[in-house]
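Please read the structure below before turning to the comments.
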Amino acid sequence: MKYGARNQLIGRVKGIKQGTLMSQVTLEIPANSQMSSVMTLDSLEELGIKEGDKVQIIVKAVNVLLAKD
Amino acid sequence: MKYGARNQLIGRVKGIKQGTLMSQVTLEIPANSQMSSVMTLDSLEELGIKEGDKVQIIVKAVNVLLAKD
Amino acid sequence: MKYGARNQLIGRVKGIKQGTLMSQVTLEIPANSQMSSVMTLDSLEELGIKEGDKVQIIVKAVNVLLAKD
Amino acid sequence: MKYGARNQLIGRVKGIKQGTLMSQVTLEIPANSQMSSVMTLDSLEELGIKEGDKVQIIVKAVNVLLAKD
Amino acid sequence: MKYGARNQLIGRVKGIKQGTLMSQVTLEIPANSQMSSVMTLDSLEELGIKEGDKVQIIVKAVNVLLAKD
Amino acid sequence: MKYGARNQLIGRVKGIKQGTLMSQVTLEIPANSQMSSVMTLDSLEELGIKEGDKVQIIVKAVNVLLAKD
């Protein structure tokens, strides 16, 4: 599968928190870094992931903000 | 500085492409991974970054999509 | 492939416009409706699409705005 | 009303789920397709929609991701 | 018209820059503040705005990042 | 700190609502206007804000929608 997005990383599911409507997935990426994704519970269920699963992390470049001091 | 975003990584500017109105910044993050940010040329100028600079990469978790096969 | 996004439609590439850095892809979806995606030229090239190709259209529900009069 | 967004579809409200802070609206669009929008409960209330209502669905093209296999 | 978004401001078009594919609209909001919107040239044309026009500025709350030192 | 974003306003925290997983922060900006940000409870905690605090509001221009009648 190919994606029209500049940011494509591989991560491992480290934790899943379920809210009333939304869910938050914490991911381990290489070099001990961490990322997170928020999606609906419906999407989480459809995605069918559990702790330890390998997932693709996709972010469009327009949604990446840079800061510098 | 603290940010209300789940994804905060440190990257190094690897390349900058300037279009007519927009610009695209390629970033090296640990473990030989790569990320990209697209912003206006005005924002690029205000940010004042050049190749090799260390920058903060910020992405809100709602803008992170997960995929799994 | 499964996606952590509520909006997943199938479309056909109807037109591709290339700018200096960005590109704009127009898509036909069923019932004579039309959608569009903007991505970098780099992402367009990596995606490798051409007119007539069938593609998956993915939008996270948080990026969908509703209006009503 | 005119919008500065490439994606403008007409949908009908099929279901509304209310969480603690957020809400999720499911929409029917032509050809038996379905879309969803996530917004705050405050926005849902202000929008004042109920099942069966016709609404305008607006998505900026930069938030549309394409995938192809 | 009602919108499912928490951020709705009124602005006046102060400047329009046209790129090859994208455009950038600068807006004056009360108290001498300034905002900007980036959209495709196609959307700009459809919107039909010119300097001095009053426009509605809409931003979903999930796309608003807070920072604090 | 410098940001690669066209929209940077200063606001004062007026109210914080906490959901199960997400939170919603209402902000006062000059001229009696109001903005809102939605983030995870984790991000809210990390940000460490309370009513009355001055915060920086950052929005990328691609996430700003214009409407005109």
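The letters A, B, C, D, E and F name the chains in turn, as written, and every chain counts its residues from 1.
Just so it is clear, a residue touches a chain if its C-beta (ideal position, glycine included) is under 8 Å from a C-beta of that chain, and two chains touch if they have at least 3 such contacts.
Owing to the predicted nature of the structure, the values given are computational and were not obtained by experimental measurement.
S.K.: So which chains count as neighbours of both subunit B and subunit D?
M.R.: Under the touch definition, subunit B and subunit D have A, C, E, F as mutual neighbours.
S.K.: When subunit C touches subunit D, do the two copies use mostly the same residue numbers, with over half shared, or different ones?
M.R.: same
S.K.: If you average the Cα atoms of subunit B and of subunit E to get two centres, how far apart are those centres in Å?
M.R.: 22
S.K.: So, what's the distance in Å between the C-alpha centres of subunit C and subunit A?
M.R.: 21
S.K.: Could you list the positions in subunit D whose residues touch two or more of the other chains?
M.R.: 1-6, 19-20, 22, 24-25, 36-40, 42, 47-48, 58, 60-63, 65-69
S.K.: Flag every residue of subunit B that touches subunit E in the complex, lowest number first.
M.R.: 1-5, 19-22, 40, 42, 58, 60, 62
S.K.: Taking the touch rule as given, give the residues of subunit C at its contact with subunit E in the complex, in rising order.
M.R.: 17-20, 22-24, 36, 38, 62-63, 65-69
S.K.: Note which residues of subunit F are touching subunit B in the complex, please.
M.R.: Those in contact with subunit B are residues 1-6, 25, 37-40, 42-44, 46-48, 60-62.
S.K.: Touching subunit F in the complex: which residues of subunit E?
M.R.: Residue list for subunit E touching subunit F: 1, 3, 5-7, 9, 24-25, 27, 29-31, 33, 35-39, 47-49, 53-69.
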